[in-house]
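The following pair of complexes shares a single chain, chain A, combined with chain B in the former and chain C in the latter.
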Partner chain A sequence: MHRKYTRNILWIVPMVILLLMTACTPRSDSSEQRADGKVEIDFWTFWGSETRRPIIEKIISDFNASQDRIIVKHTYLPFGDIWTKNLAAVAAGNPADVIINDYANVNLRASKNQNTNLTPYLQKDNIEANFYPELWKNVLYNNEAYALPFNTDTRMLYYNKTAFKEAGLDPNHPPQTWAELEEYAQKLDKKSGDTYQQVGFYPLWGDFGIDSWLINGDNGQGYFDDNNQTTINTPGKVDTLKWLLSWQDRLGRQTVDAMKAEFGNGQSDAFISGKVAMYIQTGTYNTQLEEFGKDLDFGVAPIPERESGSGHWSSGGGFVVEIPRGAKHPAEAWEFMKYLTGVEAQKYWAIKNFDNVANMEAAQDPEANQNPVYKASVENLESTKLFPIPLSAPDYKNLINPHMDAVLLGKETPEQALAAAQQDIQNLMAQNTK
Partner chain B sequence: MKATIGHKRPKLSKLARQEERQGYMFILPWLIGLFGITLFPMLFSLYASFTNYDVTSRMDFIGIDNYRRMFSDDPLFWTSLGNTLYYVVWMVPLTTIGSVLLALLLNEKILGMRFFRTIYYLPAVLSGVGVYFLWMQLLSPTSGLINTLLSWVGISGPAWLSDPVWTKPAIILMKMWAVGGGMLLYLASLQGVPSQLYEAAKLDGASVFRRFWHITLPMISPVIFFDVVTSFIGGFQVFQEGYVMTESGNGGPMNSLLFYNLHMWHKAFTVFDMGYAMGMAWVLFVIVLVLTLINMKLSRRWVYYEGDDQ
Partner chain C sequence: MGRVQPYISPQIHHKKRLSPRQIIIFIILALGSVLFLLPLWWMIATSLKSMQEIAQYPPTFIPQEFHLDNYIRTWAAAPFTQYTLNTLLLSFFAVTGNVIVNAFVAYGFARIRFRGKKIWFSILLATMMIPGFVTLIPQYVMFSKLHLVGTYYPLIIPQFLGSAFYIFMLRQFYLSIPRELSEAAKIDGASHFYTWLRVIIPLSKPALATIAILSFNGAWNDFLGPLLYVNDESLYTLQIGLQSFRGSVQTQWNYLMAGSVLVLLPVIVLFFIFQRYFIEGMNLTAGTKG
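Coming up: the complex of A and B.
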């Protein structure tokens, strides 16, 4: 009897391990039939902050209350983890039903079977016309949609009206062209000895990088055209790089590096602290200004254009909502996605966050547009371009950026850098399409 | 045991058999760990490195194409390998010498030594992303502490993290700050050096330097060897510094902080080229293996093991 007992005890060890292993696997489907007959679907977001979490959870509970078939459960995952976890979950065959994902690479994920083709649902309800065309273009893979646009952003020129008055500039007339921008910037510079008290403008501070300027200065054309041909080495881009260099030459690279390293967030933000008089930022930068820059008298304007008529091109990004491949309840997920990108939910998101939403009707809703910065950002969307990412060069940035750095460091001329970058990207594309 | 090789295993008694079974049962968790969590994934990645595996859609055998691309088509492979080698070649000797010197200083018998030991060990306790953010502030070109100190002696410091010439030295400098961990090992082994050796040498009139060279160094050489091998391997794993201390992990100005593992990570998780990334992992494994074997071979010439030649 006793011997038998010990033998049984021994089997407990592997049993416990097995149990632990099964317990550690994420619940395989949370979306079983519930007792009340409703279908529960799992929704992954990275919106866990004090501001965003209540907003998205209100939208979810509104949806749950709006019908009696589907219950959405919100799962918050940190921004750094969510998409790698999603990748693992898709590979394991038990992903969430709906996820917020990066606008970039919708096509790459589609080509890798990571998200679900929405064509069958769109054939039943075509909601394409609800969204900004530029955003819709981004969710297509082989001309079929694999995600719905959720939100987006756009970059604008914020300028300090008080500084404008001090410099004798009209605070109601922000610079329209690159020439005006330079002229204003020089008037706004304040220098004592070798150090700047205030820099009028430096194009690469703020949230508008070289890639954005290359769109702005090349008639809205990014590194790739609509047919995924490289448009890197163009005269417009060469001139833009030269122009960017001229700013660095004027201030001096050391000043640029040194000042940039001093800029922080909140009170020590470049624009809020008054170190920079004109600054490019997204529409939601407004919330920082409201929190930390209450006394700041500022205006917003579109990004200046290269020359009159070339276009105030800006750049944007954003997030999409998609159904991971292998989700258990795609039909229910679609219902929820439609709600999430519908007028009501998008309007609520816009009003609460001052974030640009993908639904055009919601974006233009008068209530949110009472805020002048938000209104300006909605208008700015008309001339905002996303960065298209060709399937054959998903990591193009790693090859282009070093050349751009080299230009600013004086190690390559704009002509050399753009020619070399174009060559590198074409090699990469050739490798990937072989 | 030797005698049983080549012979049939002697028949075990019932009790012995049962004990054997029980023994296996007890080590089962570790066996599962070894086979399930280490060996199987390793073999899987070895196989997958010969495929175009992307986790979710395909896994077709493509022969050595990943390896061919690595060596002939991917300029960033060489950039990242070069960055990593640069880092290892400087970091390993500097931190080793640094921690030996520090241990020697902290082995002196003066007042308040415990306090100094604590102070110098402290940075080794801190780790992770917080330290990197701290250092990004210390390395700030105008207001950072490093350049402020340099300016006191008349040097105008570089823009550490924005000038590609200085980014890797900055990271190595940051590693030097945390030599306290290695120092502790050396301190322990320094205190194990028998004092009669020093006494005898002193009677023979050996200078401080000769005593260090002929007694201290050989006596602590096994620890130096251990430290060199582990920091060598650790050095090749450098990743976080490039990921955290550059804008959105892009590898820094002119890819100067694009370390091997960072490039591999981008290939695996940004563009889902998992087969290629696994191939890269195996190349790194082979590089580290070969270098470690060379290390072990060379160690016979300079590592002194008391009593036993191992």
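Coming up: the complex of A and C.
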């Protein structure tokens, strides 16, 4: 009895080991030579959706066919988590050869040895002039490029033309200034009793947060100037916060919070469902409108300016391509990155996605510009600012946001909040540069 | 059953007349269940809607049109059959590894006297205090140096190296099994191994079932592990596959939810099958009731 059972359990062990061996044979190392002598490089993106995956894979296969030295292998990784994996891979010394990453932290990654300095490659073929200068500014660390801009986005005012007509407004004349925006919004409000059937506009719904408004209301100036000096406590920003508060006062905090709760889940959409007549969103929001808001008659316009001449400033973001530090084939990676940011690939990306691309010539290509919303977004790029993050204050948002919340809750005045935020950030920067 | 009858409280015999207290408890429990089931319903309802309907306001509680084709399209949108097989394989090793190894190690801590036992046990417990994120990158670097990144080994090998929590849980369970049973076996000349296999294991079925369920669930839902260690898309698991419906710009809620329902099904089925053991096993003082 005893022996038999012992034998049975001992038999399991080698079986499990055998299964282990067969279950997973190690993948061949990509740095090994391919049989056909080509170099295989690994390209990590987070474009795995039904819409985007075919587009990027077409670009890759075009590149593979365009020359006979390099083969690009595409790997999809989920958005956000792709960078966790990249971090681990860089630390272990086996990263991909090319990766899509964000603008905001190019400099941080450069300072932490996570991406590759592109200066040697740019000395051979200088392609800097191909890109929007505002985007190029955001790939620099100590005045040297560590990434190439790939795409970008910009925010615009979408407005419901049907609602405009109902309110007696000219559907071909969207609001230009803050004053007009307020005037229009009041005409567009529809109320029964105390509840709103339709809200004309509320600045903080949609995709334009306080930090974006502070750029818009302060002549295009963000929290930091080009020399990383804080420009937080400025008269323009104080006025902007006061103006944002006035909207909350007019609608009532309850209405604002209720709407935020109803539409904050990212599923139902306030503009598509007609609850809001004017709404700020990115250029690609257009594709959602076409898909889900079939009967909606809408127009797009630049973000209204504080006063005539102060500028229709908008905010943007987007992604870069870079070579993780420690990549096995940086030279081949560069060849592919050049292609990816070149006119042909960028044009294809723009036409298929109506996503804003970083290459200026491709962005202005007439074929994609036949779409009026896309055309408007390209024009909007001229007055679009990114949010650079100074190295001495990588987590500045954690210090600013509580003050902004306090303003909206009425716990701090705009003056107090901005002064305190500026002081906090300066302390942080002083601490980090010691 | 008959043997138990005398202990049944008289209340249960008069089932028809519920006391007001029971009615209130019943109502509270019913409301609680509805509350817990609501997100599940929302997931199922969303999985059957069109994207147009999802974007609508007010949101519909019951889909206006039932789009069962969402499920088919979800399955076709990514190689989900492959992902399911991959996930099943990993779950299989997680269950086998965790059940065998932890049951074995726990026996040592529960029944064998050896020098430094308390210290070893404290060290073992201390490993539970280290947050996973701290060891994430060092562990990755280690597997990378072993040239195992890109394979399933980093996901399978640790399952055979014991888990502090499971060992602790099983040790507590073993301790509640009367010592007389193993001592009797010892007197009859049984080795530790034989005692473990023939006396302890049969009495620990509820605890082992619990560990099987927990480790299956852990491996089935593991996202970060496969994400980090697997590079080839043909080795991806369901959890990574699901993320492909979540874009930087837009999320395909109906597909994401349909996929989530499909991925959740085996877990629910498994739970219902082993429910009895599961609840018994979590009760660390359950002892020899089974």
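One rule holds in what follows: the second predicted complex is superposed on the first by the 401 of 434 C-alpha atoms of A that agree within 3 Å, B and C clash if a C-alpha of one lies under 4 Å from a C-alpha of the other, contacts with A are read in each partner's own complex, and residues count from 1 in each chain.
Following the convention adopted for this analysis, contacts are C-beta pairs under 8 Å (C-beta built on N, C-alpha and C of every residue); 3 or more make two chains touch, one makes a residue touch a chain.
Nothing here was measured: the structure is a model prediction, and the numbers come from that model.
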item: Partner chain(s) touched by A:Pro402 [first = chain B, second = chain C, both, neither]; value: first
item: Touched partner set for A:Gln431, first chain B, second chain C, both or neither; value: first
item: Chain B versus chain C as contact partner of A:Gln254, first or second or both or neither; value: first
item: Which of chain B and chain C A:Glu262 touches, first, second, both or neither; value: both
item: Chain B versus chain C as contact partner of A:Lys112, first or second or both or neither; value: first
item: Touched partner set for A:Ala65, first chain B, second chain C, both or neither; value: neither
item: First (chain B), second (chain C), both or neither touched by A:Ala129; value: neither
item: Touched partner set for A:Ala91, first chain B, second chain C, both or neither; value: both
item: If touched residues of chain A are counted for chain B and for chain C, the larger one; value: C
item: Touching both chain B and chain C, residues of chain A; value: 84, 87, 91, 262
item: Residue ranges of chain A in contact with chain B within the complex; value: 10, 13-14, 17, 84, 87, 90-91, 108, 111-114, 254, 257-258, 260-262, 325, 394-395, 397-399, 401-402, 405-406, 409, 411, 424, 427, 431
item: Parts of chain A lying in touch with chain C, wherever the complex brings them together; value: 2, 5-6, 9, 12, 16, 19-20, 23-27, 29, 42, 46-53, 75-79, 81, 84-85, 87-89, 91-94, 262-263, 266-270, 272-275, 282, 284, 287-288, 291-294, 319, 355
item: Chain B to chain A touching residues, read off their complex; value: 22, 25-26, 28-29, 32, 54-57, 69, 73, 75-76, 140-144, 159, 161-164, 250-251, 253-255, 258, 263, 266-267, 269-272
item: For the chain C and chain A complex, residues of the former touching the latter; value: 46, 51-52, 54-59, 77-78, 89, 93, 96-97, 100, 136-137, 140-141, 144-145, 147-153, 156, 160, 190-191, 193-194, 197-198, 223-224, 227-228, 231-233, 235, 240, 243-253
